[in-house]
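Have a look at this one before I ask anything.
Here the chain labels run A, B and C in written order, and each chain numbers its own residues starting at 1.
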Amino acid sequence: MSVSLGELAVRFGCELRGDPDARVEHVATLARAGPTALAFLANPKYRRELGETRAGVVVVDTAGAEASPRPVLIAANPYATYARIAAVLHPAPAFAAGVHPTAWIAPLAQVAVSAYVGAHASIGEGARIGARAVIGPGCVVEDGAEIADDVRLAARVVVARGTRIGARTIIQPGAVIGSDGFGFAPERGAWIKVPQVGRVVIGADVEIGANTTIDRGAIEDTVIEDGVKLDNQIQIGHNVRIGAHTAMAACVGVSGSVTIGKRCQIGGAVGIVGHLTICDDVAVTGLTMVNHSITTPGVYSSGLPAIPAHDWRRAVARLHRLDRMAGRLASLEKQLGKEQDD
Amino acid sequence: MSVSLGELAVRFGCELRGDPDARVEHVATLARAGPTALAFLANPKYRRELGETRAGVVVVDTAGAEASPRPVLIAANPYATYARIAAVLHPAPAFAAGVHPTAWIAPLAQVAVSAYVGAHASIGEGARIGARAVIGPGCVVEDGAEIADDVRLAARVVVARGTRIGARTIIQPGAVIGSDGFGFAPERGAWIKVPQVGRVVIGADVEIGANTTIDRGAIEDTVIEDGVKLDNQIQIGHNVRIGAHTAMAACVGVSGSVTIGKRCQIGGAVGIVGHLTICDDVAVTGLTMVNHSITTPGVYSSGLPAIPAHDWRRAVARLHRLDRMAGRLASLEKQLGKEQDD
Amino acid sequence: MSVSLGELAVRFGCELRGDPDARVEHVATLARAGPTALAFLANPKYRRELGETRAGVVVVDTAGAEASPRPVLIAANPYATYARIAAVLHPAPAFAAGVHPTAWIAPLAQVAVSAYVGAHASIGEGARIGARAVIGPGCVVEDGAEIADDVRLAARVVVARGTRIGARTIIQPGAVIGSDGFGFAPERGAWIKVPQVGRVVIGADVEIGANTTIDRGAIEDTVIEDGVKLDNQIQIGHNVRIGAHTAMAACVGVSGSVTIGKRCQIGGAVGIVGHLTICDDVAVTGLTMVNHSITTPGVYSSGLPAIPAHDWRRAVARLHRLDRMAGRLASLEKQLGKEQDD
């Protein structure tokens, strides 16, 4: 795929400084780019590499433009513009409409003629696959699931019975959508399974990562709103609702019946305790435990940074003796006639 | 599915206050229930919703019965009774006995005539599938595995060679049972693979969550006893033994050769270090690290609650300076002739 | 499989104390071994079991040899020698060369005649499968992927388009290699997908655990060097590089663009923040958060050990009041004319 700089400038509304007839064929990093490559500068940390790049063109903001020895495409949001150009230079793999000879389509399933169903995929009774949808190899779409237009399921995705998936949503390999939630009633030292009768309802323009799992609702539905982005190996419990455009990094665990607002950013391996509510525009840093509802937008943390193990062991020992230290401090205060309540 | 309140009262041993000929068709939450729905009250937190519910009938305990404006079924354990009634109103999907045309059964495998084997599932040489077992689409049951009566494997479950699975056990999509354990012998800066020759042996009435992984034993077996419930994305290392009726929330990691007692409750994302023993009736709260054996029943924790990031950074800095603070405290005590050992 | 002690001594360069014609058939633990079993002693903790073992032969070091009531094979590194002998007594399942009738091979894929492709596996256009490679049931090898000689993919592994896998590498069930990285450009409160155009390149003699996920590079490649061992349910973000012979326990999360050195040992459920560099020969203990680069070899920690929940709640409360305590300490010092800066 080869595009002229002039065409890119017009198509993506950038100011071009350079030869409009020069062409680029692929993307590259500033450090590795050659004359046929398009690069970008979004993170000032890479400013030095800009000065040395051999890229055919660089997508930059106004400030970056001054510093570039090479042709530039000037954009208000260089990273977003880069993303759109990269999708032109490196289009997602195309799939010819049709059903692979090894796939299985149940008699009463409805598969759009423009959809693709890959090798060893199966589409259950009454399931609906929308126009131009791509169902990858080894996917299982169970009875009554509805997959909207332009959805892409990569390899080996499970979409359990009754799940709804909105337009243009992308699901990475190995994800499981609609597994039973973890619902058991204790009785005389054992557990009785509580039927999980809700569904999973996923909005449009969502992305779900590899081997991520989303449980169906216990009674009502688990809901993932439009534009949510979930990384790999995330666990979403039953009855959870995630607000539009919230993003979660990998390995997050969200317990049952949690409600998360819109535009939140949840760091990697965060754990969220059940039945909490997190308001819009909350950021949680990695490895934090959220065990109470959050009602004020802002950044929240509880992750501990690594230090040398020997120092860490001492700090932990002190932490476990803090009560004792507080007591000693109080007795000194008393002796000095300086009592305080703690 | 429609059932009369009278029939439910008799079948589940509840006292009915209401018209025995009234019928319900499905379950619902107290808040959303209409006259054809059965709801329940187990968590007092939802008591207010009970007062306003429009449910056809509510499963409650004696206390709840007084507060309900609607017909009630009175049970000693409303949640357990609800679970059983829900299974009547919403039976698990039924599967006609037989083997899907796209499935593969090895010549020497034994599949009960009453079992179901789904699309693109494969059953290995010498494997045995019990009566009424359901092997979901895309499942792989390897050579010599034994799956007892009434087991349900959802889609894309892997049951590795030689694994044993007990009666009525349910395994959610994407789970892997019997992968090689993480065994490597260090030698001159590299690693030699240690063959993993044990099996995984799973009891009866176990449930295993989506994308959970259980490693086969290194020499002897990894054992999951009867009635254990494991949520999604749990990792169980080789040679682990989990006692009967223990439940684990999602994302727990159990290292190799750990022994966990009966009726334990392990919170989400707990990590358990290798070669430890945890006694019966232990509860561990979420995001806790267990790095020593536990010999006394009770509740154990080490998870840190989220606070605003700015405050958290100060607390961490203080924690890393605790030694210094302790020294200052000691010197004051000395000055005041009040020395103590810490 | 039955082997004489003499043959083992010669083949693995051990000193034998015992009858060279005696034979063993399988491995066992010291505690359970009978006369036809080979056991080993590597961990001194099991020394007592050595004194009571009934094993046919025990692999030990010189010290262990004295303490053994049974025949011994003396090795410098008993665990490594045990590993090699166990591979003889318990060889990995053999697969006859060929393609299973239910597998799908794309017209332009190249599969070595000595390779095995299992039930319901699919090999994409232009993919290459090396000599004696084993592609397990339900695996998906996408277009253009290259799998070297003697690689073993267990059941249901996904190898996404363009991935390279080196010789003798073993991948456990459910692993996903080459999923899209988590790359999104923020724009007006929503996210634009950034095409992930790099590959995953995996070296030789690597092992990758069950349901582990490795994302393809955003622009350049994600690289796993020779001899790396990754346990189950690990997440490796895009553009990560892991140095040769580094080992990671289960549930580790490595964020994007992290570079990890050679011979590192990363404990279970460690989280590594993005864009960091960790030098060679670093060990990180379990449940630690690494949020800054590490430039000195050594052991690093931040995991908190479990204690009774009641004591833990008090310690956390104190931790959150440390600032206050520090202030009280400072004011005492002032009163005593003993001011210090903290």
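As a convention for this text, a contact is a pair of C-beta atoms (placed from the backbone, for glycine too) under 8 Å apart; a residue touches a chain by one contact, two chains touch by 3 or more.
All values derive from a computational prediction rather than experimental measurement.
Path length between subunit A and subunit C in the chain contact graph, taken as the least number of steps between touching chains: 1.
Rotation angle, subunit A onto subunit B, C-alpha superposition: 120 degrees, expressed as a multiple of 5.
Of all residue numbers used where subunit B meets subunit C, under half belong to both copies. The two sides are thus made of different residues. Averaging C-alpha coordinates per chain places the centre of subunit B 25 Å away from that of subunit C. Shared interface positions of subunit B, defined as residues touching 2 or more other chains, are 102, 120, 138, 156, 174, 211, 233, 251, 269, 303-305, 307, 319, 322, 325, 329, 332, 336. Subunit C contributes residues 102, 104, 120, 122, 138, 140, 142-143, 156, 158, 160-161, 174, 176, 179-180, 182-187, 189-195, 197, 211, 213, 215, 219-220, 233, 235, 237, 251, 253, 255, 269, 271, 273, 284-285, 288-292, 294, 298-305, 307, 311, 314-315, 318-319, 321-322, 324-325, 328-329, 331-332, 335-336 to its touches with subunit A in the complex.
Considering their complex, residues 26-29, 32, 42, 77, 79-80, 82-84, 86-87, 90, 92-93, 100-102, 118-120, 136-138, 154-156, 170, 172-174, 205, 207, 209-211, 227, 229, 231-233, 245, 247, 249-251, 263, 268-269, 286-287, 303-310, 312-313, 316, 319-320, 322-323, 325-326, 329, 332-333, 336, 338, 340, 342 of subunit A touch subunit C.
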